[in-house]
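Chain nomenclature is as follows: A, B, C, D and E, assigned in order of appearance, with residue numbering initiated at 1 for each chain independently.
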Amino acid sequence: AAKTVPVKLQLKWFPQAQFAGFFVAQAKGFYKAEGLDVQLLPIGDQSPIQTVATGAADFGTTWITDLLTARQQGIPVVHIAQLFQKSGYTLVSLKTSGIKAPADFKGKRVGVWPSGNEYPAVALMKKYGLTTSLDSTVSNPSVQAVTYPFDPSIVFPGKVDLVSAMTYNELDQIVGLGYPLDKLQVFQTSDYGINLLEDLMFSTERTLNATNFKGSGLSGREVAARLVRATIKGWNYAVRNQREAVGIVLVNCGNTCKGSGTRSSAQAHQTWQMAEVAKLYNAGPTLQGRAGYLDPATYKANVTLLKSLGILKSDPPAAAVDYRVWQAATGKK
Amino acid sequence: MVFPVPGGQTVALQGADLDIAPGEFISLIGPSGCGKTTLLRLMADLIRPTGGELTVGGESPEAARRRRAYGYVFQAPALMEWRNVLSNVLLPLEVMNVPGDRKARAREMLRLVGLEKFERSYPWQLSGGMQQRVSIARALAFDPPLLFMDEPFGALDEITREMLNLELLRLWRETGKTVVFVTHSISEAVFLSSRVVVMTARPGKIEGIVPIDLPHPRGDDTREDPRFFAAATEVRELLRRGHA
Amino acid sequence: MVFPVPGGQTVALQGADLDIAPGEFISLIGPSGCGKTTLLRLMADLIRPTGGELTVGGESPEAARRRRAYGYVFQAPALMEWRNVLSNVLLPLEVMNVPGDRKARAREMLRLVGLEKFERSYPWQLSGGMQQRVSIARALAFDPPLLFMDEPFGALDEITREMLNLELLRLWRETGKTVVFVTHSISEAVFLSSRVVVMTARPGKIEGIVPIDLPHPRGDDTREDPRFFAAATEVRELLRRGHA
Amino acid sequence: MLVANRGVADEALRSGADLGCGTAWQCATVLRNPVLPAPGQFAAGFRTLSTPPLAPTSAPYNALVTGSETLLGLALASVLGLGLATLLVFSRSFERATLPWLVASQTVPIVAIAPMLAVILGQYGVQGFLPKAIIAAYIAFFPVAVGAAQGLRSPDALQLDLMRTYRASAWQVFWQLRLPASLPYLFTALKVAATAALVGSIVAEISTISFSGLGKMLAENSRASDTVALWVIMVYGAALGIGLVALIGALERVVTRWRPAR
Amino acid sequence: MARTLPAAGALLLALLAAEALLRAYAVPPGLIPTPSRVGAALWAARTVLLRDALTTFVYEALLGFVLGALAGLGLGLLAVRFRFLERGLLPYTALLSSVPIVALAPVVVKAIGLGWPSKTAVVAITVLFPVLLSTVRGLHSASAHHLDLLHSYAATPAQTFRVARWPAALPFVFVALRLSVTLALINAIVAEFFGTEGSGLGFRIQIEVGRFGLDIVWAAIVVASVLGVASYLLMGALERRFVPARRL
């Protein structure tokens, strides 16, 4: 057998069921079968864009806003596959706080993650005519946005009225703090027409255009296609065999898999997470058998939204998305 | 008094029992390293004896120190580099919160040691002998009833030294102070003291005590007195004996 | 030599032109603060004159220092606290990379000053006089042709002092060293020197130079020599004159 | 401890949280996300994180990793800091030209540049252990440099004069006089630097792509909201810090044996 | 003026070289911005950056520094005064300072809140140890002669402190203060990564890193560095003012 090609893939977070498809593809030998030896890198403090753009990793996963703002700043990163077809971003409040609709956010304190993860919240509020201190041009914001790191228990519910949470992670952690779902008001941005796409796969122009990827004799695009093919296979398997997938994730996840508080069991939390990410995966094009496909209409809507927010100044160049990889991976058009 | 040293201990003083009566002027004399400084430090309660007992003017060293009964002129000047001459002399007056015009008092002491013109200088701008004189002025400034002086005039020329000898003697007579004085000069010891204590080296002990029966006031002619010669010779003999 | 001091300047030396011939033994004597140390430091190229010129054994101070021609005994011991006695004495031998058995040499010097038993002690474990003797041993260790000694024996008892006087004199005669020696003792100056330089205070200058015509080798009977008395008296006269 | 948690518990209860306990005081010892863990909670957390000691997810193993990074970093920092201090003391113009930049280097938030640094080093094949030690050294060299410079300037004038009479070379003055005289300053600086290096390597573990170390454990557990685990790791980190400071203290006592016992 | 020339020259050269290299290799500004872009960002965002600097430098770094330094000095005095405290206290503060800020900050934020006081507290805690350690070491460095002298005066401990120990400690204390003043700033910035109410240099850096606005990130770093260097130099000036000049 030929030698396998070493590939480094930068995850957007620590190992958890959010990346079940990758771990399954690795554990079940889908990558090996494609001739790839894939190493999955956990996140540090740097954005996946940085590690990939500088060559510390060959491929990465990230959110679309990240990718497009990086592209705008001249970093030649390229979208090659869209794994999650629906946004899992939510803002959560206690029902007792009386916040029933986004319009009620006015005058409230909203806790968001910084570092480019604040845009879905900003977009939602902007849609309802609210301004925040996250925008340095606004002098008298109608919503007070505060930034906090990762752990909702630091701020919620004492220090903020609304807190950012992913359906598949922080939401369950908040439940673990003693607030069952029936006490929570959950605003999932996609329900309000803000569907900024999340976990996608990307690489750089340099990697994709390489004619001889790391001396393997394969072109960069070919390696990318094999990677995407195996990853989608992994995801399909994970979504269909969730219990097994969770088992595989648990082997990989060190100290991070647990939830919080009363739901701190890693097994339980990852089972929840697997079910939730399956919902994000099984949406849009995936339902038409086109898993991994970036729906041009959704993409366009995302770009339009980001432009209206002032985050993008102009349309990204066509080279920001490369459909050829997905086409080569799936043989579809 | 026993000091631990690498590979054993140095016995610095042995059986140095000594009672000093109020108003005495005692000189300690002895070879280098025999324990004069150590004895002085014991009397001043700067170190505690590892054995034996000691009284100074009838009280324990600690009691004397607590009463602020003594002034101490160290072998090295021990001035504070960050204080100028005047404020070095003011130090004990400040610490003891002595009432009255302290500056005037400090200046008077500086005049006594001939440094009135240097009150604004810092220690490093002074010669060795000048530093030593500042430290003498400092010890006298608060007019303590008891004085411990460790080779106070060692760094001074003969003329300055003789002058200060006379001043010290005058002070002692006028105020009735008790003085314990370390010197290497036999004639200085005899000239100043009521008793000269001669010490021997390793282990340091008292070789002999020579009472000095010279009349007061003493002056230049004292040194011509046959009793002066006799006493000096006796001290020298004791010293020689102890030196072997 | 002029030092800037707060509110003016101190003239520490004035017109102190002095030529010292190779092989001479010069003593400097003078009141406290007259500039003896300053003069020595000038000769040793530790400070530069603000005016005037100076030669030592026919060469400039700087040249002498560069040749490592002299050893200097400072007025204070200036030992390195982290080195024990032996290795303090070894320091110049190490720095100058002197060949041969350095330890043996250093021990010899310690024997000379009577401290052979203390080679493993640290400076803080020594008495004042003992520290001073270590610093003498250190200056002699590398056998420099020129010696600057600033009151080297000031902290020593008379007997040790006399012994070291004789040793120094022997060394000087046997090795033909040039010595410049600061002392406050008139008799020591006369006993040791070929010339005694008497200085006066503020502004420091040379009051007079007394040549000493006493025969060598000198010993106990030298002090009985009428020429000794005559010279000592002359020095004392000059000192008195300068003291006013 | 109770007081610190009571507020949080009270807040949670008032907001309708289901904590499985009655009053705020009762909840204070059983909170799942306490400000300070109760002794029992802490002990339990300590046990789970400490056994088996050498598992890749356990604190003792990761403390070992962090400890060795820190030691390497501290060693690098000492060499660099001492070298810089030497140059600073020897050359005024070097000091003028570089001191502002040395200071500036310490005002760059390491957390902001550590990721970039790691990425840049990674491009040149420097990965894993070494970048973290380098980041630790980056933080720790400055206290060493400043403290050592002060110490190297501390010998007294007479001792410097003495060396001058020997026409000692600059190096001899350095080795025989300035360095030994600087030791009290240097060791104080090293103690500060040791804790700084520890913080540096932990920060580096968090902000670079790292697979082990207390920092990695901290990051993972903070993302997982496991407050009790955070405290356990903090205690391990602090113990490591005390150990380092004690180690340097012991070294100091050995090196400065000549000093009188205080 | 002549004294700052070498440093300024070195800076100019480094900047020109960086600009040239970055342009030559066409490094994207989202990875490393050219100095000229940073300069432009510095100007364009000046009001925001000034407001951020006010929060970070004045409320968090300076205030925290002052509090931490005072606490360190106070504890140092106590530790030397009461010997048992030295043994009992020093290890615990070493403990405190060994808790990495990244572990400390979340806890403090959780306990105090997202506003600037939590950052001030973090800064104070991190400044405490260096100052305490140096204070203790400095107070112990008083000359044995001087201590003997004051002992002979039966001086009170307070007097001994004021007259002998404190002047001897000053040089040590100032080393620690100089170090801590830069440490304070950097720690204020880092602590902001653990939660803010929307202003501060750390907040700005974190937000703009996520947007790949690295020109603003570096502009914020420049502001921090200038403030850091300035406060370091200020401490140096205070040192020259308050530490009595020694010989040389």
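Here, a contact is a pair of C-beta atoms (placed from the backbone, for glycine too) under 8 Å apart; a residue touches a chain by one contact, two chains touch by 3 or more.
If you're wondering where the values come from, they're calculated on a predicted model, not measured in any experiment.
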Quiz item: Can you list every chain that touches subunit C and also touches subunit D?
Solution: none
Practice problem: Looking across all chain pairs, point out the one with the most C-beta pairs in contact. | Solution: D-E
Quiz prompt | Centre-of-Cα separation between subunit E and subunit C, whole angstrom | solution = 51
Quiz prompt | Chain centre separation (subunit A, subunit C; CA means) in Å | solution = 84
Quiz item: Of all residues in subunit A, which are in touch with two or more distinct other chains?
Solution: 50, 54, 149, 151, 153
Quiz item: Multi-chain contacts in subunit E: which residues touch at least two other chains?
Solution: 106, 110, 144, 193, 209, 247
Quiz item: So which bits of subunit C are touching at least two other chains?
Solution: 76, 124
Practice problem: Could you run through all the chain pairs that touch each other? | Solution: A-D, A-E, B-C, B-E, C-D, D-E
Exercise. Would you pull the subunit E residues touching subunit A in the complex into a rising list?
Key: 28-31, 45, 48, 106, 109-110, 113-114, 193-199, 203, 206-207, 209-214
Practice problem: Write out the stretch or stretches of subunit E touching subunit D in their complex. | Solution: 3-4, 6-7, 9-11, 91, 94-104, 106-107, 110-111, 129-130, 133-134, 137, 140-141, 144, 171-172, 175-176, 178-179, 182-183, 185-186, 189-190, 193, 202, 205, 209, 217, 221, 224-225, 227-229, 232-233, 247-248
Quiz item: Which part of subunit A faces subunit E closely enough to touch in the complex?
Solution: 47, 49-50, 53-54, 66, 69-70, 72-76, 114-118, 133-134, 136, 144-149, 151, 153-155, 159, 311
Quiz item: Which of the residues in subunit D come into contact with subunit C in the complex?
Solution: 156, 158-159, 161-168, 172, 176-177, 180-181, 183, 256, 258-260
Quiz item: Tell me, which parts of subunit A touch subunit D in their complex?
Solution: 10, 13-14, 41-46, 50-51, 54-56, 94, 96, 149-153, 157-158, 173, 176-180, 183, 254-262, 264
